[in-house]
Every structure is written in structure tokens, then in C-alpha cells.
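Reading through the C-alpha cells given below for one structure.
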Amino acid sequence: MRPSGRQADAPREIRLTREYTKHAEGSVLIEFGDTKVLCNASIEEGVPRWLRGKGQGWVTAEYGMLPRATHTRGAREAARGKQGGRTLEIQRLIGRSLRAAVDLKKLGEYTITVDCDVIQADGGTRTAAITGGCVALIDAIHYLQRKKKIKTDPFRQLVASISVGVYRGTPVVDLDYIEDSSADTDLNVVMTGEGGLIEVQGTAEKAAFSRVELDAMLDLAERAGQQLFAHQREALGLI
Amino acid sequence: MRPSGRQADAPREIRLTREYTKHAEGSVLIEFGDTKVLCNASIEEGVPRWLRGKGQGWVTAEYGMLPRATHTRGAREAARGKQGGRTLEIQRLIGRSLRAAVDLKKLGEYTITVDCDVIQADGGTRTAAITGGCVALIDAIHYLQRKKKIKTDPFRQLVASISVGVYRGTPVVDLDYIEDSSADTDLNVVMTGEGGLIEVQGTAEKAAFSRVELDAMLDLAERAGQQLFAHQREALGLI
Amino acid sequence: MRPSGRQADAPREIRLTREYTKHAEGSVLIEFGDTKVLCNASIEEGVPRWLRGKGQGWVTAEYGMLPRATHTRGAREAARGKQGGRTLEIQRLIGRSLRAAVDLKKLGEYTITVDCDVIQADGGTRTAAITGGCVALIDAIHYLQRKKKIKTDPFRQLVASISVGVYRGTPVVDLDYIEDSSADTDLNVVMTGEGGLIEVQGTAEKAAFSRVELDAMLDLAERAGQQLFAHQREALGLI
Amino acid sequence: MRPSGRQADAPREIRLTREYTKHAEGSVLIEFGDTKVLCNASIEEGVPRWLRGKGQGWVTAEYGMLPRATHTRGAREAARGKQGGRTLEIQRLIGRSLRAAVDLKKLGEYTITVDCDVIQADGGTRTAAITGGCVALIDAIHYLQRKKKIKTDPFRQLVASISVGVYRGTPVVDLDYIEDSSADTDLNVVMTGEGGLIEVQGTAEKAAFSRVELDAMLDLAERAGQQLFAHQREALGLI
Amino acid sequence: MRPSGRQADAPREIRLTREYTKHAEGSVLIEFGDTKVLCNASIEEGVPRWLRGKGQGWVTAEYGMLPRATHTRGAREAARGKQGGRTLEIQRLIGRSLRAAVDLKKLGEYTITVDCDVIQADGGTRTAAITGGCVALIDAIHYLQRKKKIKTDPFRQLVASISVGVYRGTPVVDLDYIEDSSADTDLNVVMTGEGGLIEVQGTAEKAAFSRVELDAMLDLAERAGQQLFAHQREALGLI
Amino acid sequence: MRPSGRQADAPREIRLTREYTKHAEGSVLIEFGDTKVLCNASIEEGVPRWLRGKGQGWVTAEYGMLPRATHTRGAREAARGKQGGRTLEIQRLIGRSLRAAVDLKKLGEYTITVDCDVIQADGGTRTAAITGGCVALIDAIHYLQRKKKIKTDPFRQLVASISVGVYRGTPVVDLDYIEDSSADTDLNVVMTGEGGLIEVQGTAEKAAFSRVELDAMLDLAERAGQQLFAHQREALGLI
């Protein structure tokens, strides 16, 4: 029995709110239950130095948590003078994942930065950030098209992510904080709308896990993925 | 004529939403028109080293802007490795202002940190932060009282803040971004519910200002202050 | 009765020594009683990146305290690895104030940096820095003119600053350390030689202050300002 | 055909040299072909602040690359003033993996830090670091036992790691630099000597990968794992 | 012929001004010609962590240059966020040298920090800092004795320093900036009042130097040392 | 009697291994007994900003210690966020010394960085680094010549370094850690193959030293220098 009363294969309620703030070219608030992440996609002309002159664009991500997004206040990273290892690891994951959604060669020499800032955390912030960030990214691409900055369509495929884990011996999907903090295994899966895998990051928190458990978790993730893509398509009016 | 069509003495629409996030002991979203600041008050046991053993508490504030709270994306301070001078100046101002609302001796050895994070900026973020932060601070104090952590009431007085300025030769109140970026003078005023002044910070952006202009601006601020205190009282159910 | 025996409207003895060091284009030691600040103005060709190509110059300031300028030794900011919030706040104030003395468009593409380093502190270091820094800045402008680097005169007006406060219930001018550390209110005023206000920064250290007290303090500041401008003019041989 | 001429399921030659340096309680040079990583395990009394008084120990890891371990010189992280995101991500992975080898409760209040420094890089440095670091960690545990510092045996299981990937459409094991830099998919697997999985980190570098490809890669990793555990056992004289 | 017209064995005019600032327990302005260094000795109770409980004291030094102490403005180290290699090297040298003046066991658990800040630079700032810093240190020791904080006398011997070099083929003493920037060899010598050597740091700037040249330089340094000790004794009233 | 049983004038066994790693243009492992330093010389096109357009090259060095190169683990400088004063001082010394081996004008606009990383420390790491770094530097120069990047030969002279000291009253050469940590005096000497001195850095660790002792130490260093140059020539096949 899950603390939330959810079925093993039931993700939390997912909500995507576009145009959540007014300045960003793409601005999406994504909610996985009580986890709330604001994903703002910003377009800047030009690309990082190591890409200049190659006629392609760049997509990157940054991740942050408001100090009191969590149960106890965490020190502000700007005040501590550096981003922690967890933050860097997560924002590298988000960036790699979102680049899979885009054909950088068709993007032109633009950089799109997707800022994922956690307003409230209840487990699964990185998977929510990828899922919501993809929608913000697409909105930013549409902005470039609408403004006639680019002529071809750099969009390749939807990208979404969900966590799965083994909680008290049972594989479950979309762990909330209570489950996450006592799960045996934690697996984050990033998938494409076309059925492929982009990232699989599994960690044995307590005991090692088996190939059988891994398979069961991946099955759960794939099923939940279909729901995520449906939410993304609905939010984007693609249905 | 103001760009927004407002009268010279008309502040923007002000909204205060309490319990905006679920973890913080006080959590207030304040909106001054399109300026939105999330003010989370967190209680921690103990006080900074230099106050230990004095039997008193401490109130402090931190301020941040989400990278795309503004028209163009600003570099994330956590990634740059330090808080900028503007950030430090603003959070020092917020902290000093909020301490005026509290009798630190009656607070006991608790530290209340008020995090003011700007979700969307349209001028006046520091004044909104002080005004909303005061309500979050009071909610945190009520939390301590409800939990029987403190017995006496450390609340002293309401504190609120508004900006005034000289825009195209006319004193106006609560400048939005368009006004702020072309104003001759910018004055931030922090007031108490009992009619006193806590902070007065005026800067001639273009031309020097006169004592007469200063007086006119202070008059506007005092009048707007009455509206701010009414909003705070209403939000707190003090009426 | 003030600890120093001064009248409420009497500033400390003010001394300005030009050409205090030999390398800087403008070098002024300013003394407000026992407060001693060395103000060195340095000229560099070029302007910050964001001003390039606009055909104008830039004036900025940096502020520092020698570790033992104060009663107890403060940690060296270079060793701690960052400038503190107070330092950044003060140097931003000095920079804004000194820019009011100059027509940046007439300065040409030069940057003048005014370093204000406190050799000995006894209250009022920021006001001394602004008052002395203005003279160093003017010497640097004269250097540019003497060397035929610029043809028009970018000097606009004298800028000077003084602190006022409410000490034991009475408004007084130019607070020394003893007064400053127990004053109810502290107000720093930056004025122009032509009678205008550039900055007004008032803080209630203990109790809130009233409009009447603010007016009394501003009156004192304006009167002291006349003496500051006289000292600046005499030092510069402008009389 | 692999550039090295290896079969798809053939790892590079693996060498483990114990007591490589003389000061560390465990010191192992591990070579995966031309990849050479020095793994030094250091024992310190006490545990991090957040573990104090819980009667348990701690195992952590740090990772670094000598600036010219790679084809082109990389900037020294100590000179740049911070560890990069890749470094932090890798050392967090190593630390988590090595903690699976130990029963921290039986370790007593000791901290074992395993420093993994890459002397020469040719792909697979993190997997070599985990595999060699485990042997250094065990040597450090033996040191504690030999010195009678601990009485029970905190060793739980061997931990080793290998990379697998899809290179030109074919799943291959233990990618060297040439393969790694052009692989479609890169998967790092951390396993226990008892057949469990500790970490699975797969990334689609170019195209998404399928469940079928994931399974094929995991099969390869498990087979190579048996060879790694044999090398560890032989080096430790456990056979 | 030296640019200054000095004889090869003639140091510049040396001036020592005690009680230069009012807060420090020892405060000395030392001038070697146009080189001016303010040496402030500060006493703090306690010693660094690694010396606690050993019943001895500690003497350390910090060194800084005002940004415009030199011909062209140098970036402020506090603003750059770290002390440069040259600064650290010099302050380590000053600290080691000054510790030779004191019996740390007799100092008691006090730390004396000698801040050496260069007001104006014209070559030889580190040698001036050591020579002046020794007098400030002795004044701080006298302060401890006068206040009855320590009973025995920790003073061991005078310490002073001078630079020597080979300028255009000729060994000369106390190089000023013009000589220093074109000298073949630069040697800084730290000596005790009893004739011993504390530090000898010689660097071939252009061509290698010979044992014969080294001897000639050391002879010059020893002779100048006698003058330095005479200046120190006179300043301290020890004659 | 020396702890190692060596004669006063006997350096430890010296070994130079070229081509120790495969990527660097020059890669030398140098051993002075148990002290092992890896010296990698890397060639990069271009020179630092302040040398651009002068038609000359640059040689620089960086120094690091693996955290457990020493008896007790030292904090990783990359993790602490800065290089310590000792590190900076040593790498500046190595860089200056190695530049004496090369005619920078004949090097062309190339920068050669010599990374000296201490794998195991037992005293004398900086002298080993200079001696081994010189061989790596020469290999890098040969690489440039072999690749026809430069036409003239920028090699000027061999540079090597040894430590000498006064241990229990007797001058001895090439101190190991035990001697170094209790020596009265420590002197590092950098010499050229042609008999000149490049650097002489002597420090009185306990008691001051005399000119007579200095002479005796320099004699020892010069004799050991001949052995170092013989090792370098043999390693380079110059005999």
C-alpha cells in the first residue's frame, strides 16, 4: 500500500500551465502532485564559443531550488558561492534530455536556456523539470518560427521523464517524497514520444536490484510515459 | 500621463496570497501588479554565533530573482558563484526593515529567515518583498505561538514599503518597470503601521531632486502606505 | 551634549590633502576628524563592454577598509575571497554619487575609477569618501585636459556628502563612531554644489523616525554641505 | 569491427597493482588498457557532522584528472577554483557505489575517503575508478582490522563497474576513447559480486536506444563483471 | 651610475613613524624612499586551531597593495575574489621572518597579525614591510606587557630586510622600481640584529648569477642591515 | 648520522623515466628516492594575452599534490576552491626556473605548460619537479622541432635543482621528509648546466644561519648539481 493510496502504476495528478510568466519565450509551470517546477525557456542570439561558426544552435538547462521548496530550509546556492553536486548533476541531465527533442542544426545560431526552478518539492523534481521543460522549449521554438527567425522546424520529438522505484518490495511509479526517502531503488527514465529511451539512471539506495526488478520498473515507466506525452500534447494543442 | 494610465497617487493592484507553498512556516505570494514575489519565512532553532547566549532571536532576509523574472535573462547568481551587489543591498534592506516589525528579545533563540524570490519582475520588487515578507514573518510568529514554542508575543508593528519617484517631472507612486527605467528620481520608503519611517532611500537617477520634490514623494508614500497596511490587515484577518 | 563636545550642527575638522600619492592621476587624503580615507582616481582608456561604441566615458568607485582601520581587526576581504555586502553597498553609493559630478558624454571613452581606501575609521567613512573622491575625480579630469586627451570640460558640479542622525533625541551632524553606534537614526545625504539632492539614505537603527525629524536632519545636512563645498573649492583653488 | 580489434564482449586488459604508493592505507593502480587510475583509500577518525553520534562510519570518494591525462590539456580544477559538473557527478557515483561494498554500521566512527586520480585517460575512467577503488577500500578495511581498530568485518560484497555501449549499431563492452567519442549509446553499470545491480546509467548520445538494446548491453556488462570480480579476487588473494 | 644617483652601497632614505594610526596595538609607517608601507600589528586572544592547548602564541602577516599604489592600477584582490600568487608568497615570507623576532612560547596564547599594506610602491615593498613590521610587532608586544597580559619578554631579536641586485653588471643595494624592473638579479635578504640570516631569496631575472656575485650582494646586504637596525633601534628608543 | 644512512653529500637515488604517459608532448616521471613527481609538458598554440604579437613563446608551470601523496591526507585543492599559498609559491618557482632553460624568442608563439603532479612525497618535491620538468620541457621542444613547427633551437641550457640544509648542525644535501621536518635551515638551489645560479631560496626554520653555513650548503648543492645534470643528459641521450 502506497502512503498516498495510489496504485503501483498510477502517477500523481499532472498539470501543465503554459505562459505562466510573461517575459520568457516559453514559460510552463508543471505540477506532479505537490511538486511544482517553473520551467522558463529563454532565447539568446549566438552560441557558446566552442560552437561558433558551425551553423548550429544550442539547448542547455539550469536547475535550482528555492531555499524553502523543501521540508527544511536549504542554504541558498548563490549565497554559498557555488552550485552543489546534486544541482549540477540534475541540470546536466535535463540539458542532455532536452537536446534530444531538437535538431540543433535546424535551430540556427540561437541558444535556448531552460531554467527549471523548483517552487515546491515533493519528490520527482528532475522528472517534472524535463517533462515541463520540453513544453517550454517547444513554445520557445514556436516563438522563433512566429518571429520568422528560423524557417525550418527544429522540433524532433517529445521528451518526458518519470521516476520509478522499488518501494517496500513493490515496483511503483512516480515516487513522492515519502516513498522516495525510503525506497530500495530509484530509477529515473527519460523517454521519447516515439518509444525510445534517452536516459536510464538507476540507483540502489539500500539493497542491490535485479534484472527482473529493472524490467518491471521500465515497464511501469513506459506506461506512465504514454500519459505524460498525452498531457504534453494536450497542453500544446497537438491533439 | 502614466504609461499604465494610473493616477499619480494610485498604486497598482495589490494581492497577498498566504499559504502559497506548503513547507514554509509562513508563505506569501505578493503581487504589485505584474511584480510577483514569493516570500517564505523559515524558522530555525538557534541564532547566529554573535548572538548566542543573549536570550534573543534573529530575523534576516535573503533575496533572489529567478533568471528569467526579467525582460532579458540574467545570469543565475548560483552559477556565477556570488550574489551581486544589488542583491546584497536589497536583502540587507529587507532584513533591517523586517526586524523593525519584531521585538527580538521576545522571540526567543529562534532565527526566522525570510526568503524573497522574485518570480516575475515589473518594478518595485524590493518594496513588494518587504510588504509581503512582513505577512510571512507574522505567520511564522503565529506558528511559534501555536506550537507553544514562545509564550509572549514578539510582534511590534506592521512594516510595509512602496516606491515613489519623479516621472517626467511629476511625483508618482509605485513605479512599474517602464516608469522606473526612465524616472528622474527613485525613492523607496519603508513605513510602520504606526506612522513612523524605517528607511528612506532616494536616488537621483538623472537630475538632482529638491527638498520640495522629496516632500511631495514622501506624502505620496505615506498615503499609499495606508492602503498597504489595509491589505496586510485584511490578509491576516486583523480587521 | 555630544561626546566630542561639538555643537549639534558642527561637523568635525575637515582636511583635504591633494597629491597624497604620486602615481594616481588624482590622489586625495580626506580627513573628517579621525576618519581618514585615501581617494585615488585612476584613468584607463576604454569603457566597460556594455558602453562600448557609445562615445561616452564611465566613472566608477571601489571601497575598502584596511583590516585594522577599526577598533578590532576585520578579516581582509581579499583573504576571505569576497567583498562583503556593506562594502558593495557603499561602493555602489560612491559610484552613483560621483557620476553626478560629471557629464559622461563629454568625458570621451575613458574610465575613471576612484579607489576609496579607509586608513583609519571613526564614523562617516562613506561620506568622507564621496567628498574626497569628488576632488580626486576633478584632478583626474584636469589631468586629461592638461594632456589634451579631451577638449571639452566634463565637470558638471561639486558633489559632497555628510551624515546626520538623531543622537539621544537630538538631530546632530557628522556623527563619529561613538555617536554612530548608539544613534536612533542614521541618514547619509549626498548633495550637489548647486543645492540639489543626489542621495538620501536614512535608516531607523532603533526607533522609527518622523517626518519632522527627517526635516531637521536634512536642514543640518544642507548647512554642513555649504562648509564641505567651501573646503572642496579651497582645496581645488577655485575661490 | 572495433578500432582495437577486440571482440564485442572483450574488455581491455585489466591490471590491479596494490600498494602502489606508500602512505595510503589502501593504494591501488588500476589499468583498463591505457586508462590508468590511482585509487588511494585514506582512513580518518571521525565522521561528517551529520553522522556524529550515530555509531557508524562513512565512505566517500573524490575524483580528479591530471591536466594532461587526456589528448589535449584540460584546465586544472584547483586553478579554476572549482570542480566541474562532470567531476562532481562522477565522484558522487563512485562514492555511492563503494558504500554498497561496506556495512557502515560495522565500520565504526571512521571515514574512508577513496581518492581516484586519473593518470592517463582512454575511456572508462569512472568504471576503472570504482573497480580499483573497491580494492583500495578493502585494503583500508584490512588495515583497520590489523591495527585492531575495529573488531567485526564491515565488508559486505565486491563492487565493480564496466561501460557498455552501442558502437556503429553493435553492443560492445568496455569502450575505449575512440569508441566512446562516437558511440550512439553509453551505459555504465555497477554490479555486486553477488549478481545485483547497484547503478545503471545509460545515455543516448546520438539516437534513442530501445529496451532490446538495453538488454543486450546489460548482458554484456554482466559477463564482463565476472571477469572484473575475478581480477579483484586474484589481486586480493581471495582465491 | 644608478638612476637615482645613489652609490652602489647606499640605501634610500629610511623613515619609521610609530603610532601612525590610532587603533592598532602597533602601527608603523615605514618609508624606503618613495615606497610607503603601513604596518599594523593587531593582538587577538587565542591561537589558530592547530596550536590550541600548546601554551604558545602565534605571529602571522598579511600583505596587500592599494590598487593604485603602482604606476598603473592593479585590480583589487577583494574584487577579483582571491589573493594572487605574488601576494601569498610575500605574506608567507613576512610571517616567517617576523616569527624569528619572537619566542612564541613566551608570547602566551595570543595571535599577533601584522598587516602590511602598501600605500605607495617604488620597489622593495616586501623588505620595507618586514623592517617596519618588526617595529610594529615589538610595539604590540610592549602593549601586552604594559597591560600585564604577559609577564616574560617574548622579544628575541630585531629582524630587518633589504633587497640587493645586479644592475647593469654592478651589485647595488635597495633597488627602486626603475632598477628593479631591469636588474639581472634580485636578492632579498632577511637578517637578525645579531648577524644571522633568516631568509635569502635570490632570482636570476635575466642571466644566471655566480657565487662571486652572490657574495658581493650578501656583503652589501649585511652592511645595509646595520643601518636598518640602527633606524629600528632609534625609532624604538633603544639607543 | 642521517636517518637514511646517507653521507652528507649523497643525494638519494635519482631516476628519470621519459614517455611515462602517452598524451603529453613531454612526459617524465622523476624519482628522488621515494619522492615521485610526474612532469607533463603540454604544447598549446598561442601565448597569454600580454605577450601577443611580440613574436615570442611562453613557458609556465603548475604544481599539485595528489591528496594522499603525503603521510596524512590533505584536502583536495580543487574541492577547497583554491590553490594554497605553498602551491602557488612552488609553481611560480618552477615556472621561473624552467624559463631559464629556453630562449623564448626562438620558441615562436607557443605556450608550453609543465604540470608537475606529486604522486608520492618524501621531501624535495619542488626540486624534483624542476629537474624532471626540464627534461619534459626539452622533449616538448624536440616535438616541435620534429613536427617542423619551429626551425631554430630554443634550448639554452639544462636547469636542475636540489635541496640542501643544516640537519643537526651539519650541512647535508637532498633532505628527505624526516630530515626536512626537523632541519634548522632549508635551502633550495636552482642551477644551470653551465655553472650559474638561477634561484637560491634559503629559510631558517629554527635558528638563523651564517654566511659560512650558507657557503657550505651552496658547495654541496653545486656538487650534487653535477650528478643531476649527468642524469638529465643520460636520460636525454645527450652523452
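Per-chain numbering from 1; labels A, B, C, D, E and F assigned in written order.
Everything that follows uses one rule, which is that a residue touches a chain if its C-beta (ideal position, glycine included) is under 8 Å from a C-beta of that chain, and two chains touch if they have at least 3 such contacts.
Keep in mind it's a predicted model, so treat the numbers as computed, not measured.
Within the contact network of the assembly, the step distance from chain A to chain C comes to 2. Chains that count as touching both chain B and chain C, per the definition above, do not exist in this structure.
The chain with its C-alpha centre at the largest distance from the centre of chain C is D. One finds 50 Å separating the Cα centroids of chain B and chain E. Work out the mean CA point of chain A and of chain B, and you get 33 Å between them. Separating the CA-averaged centres of chain A and chain D is a span of 28 Å. Touching of two or more other chains is recorded for residues 81-82 of chain D. Chain order round the ring, anchored at chain E and oriented towards chain F, is E, F, D, A, B, C. Touching chain C in their complex are the following residues of chain B: 82, 84-86, 88-89, 91-92, 96, 100, 187, 191-192, 194-204, 207-211, 214, 218. Interface residues of chain E, counted against chain C in their complex, comprise 21-24, 27, 34, 36, 38, 40, 42, 44, 62, 64, 66-73, 76-83, 87, 113, 115, 117, 119-121.
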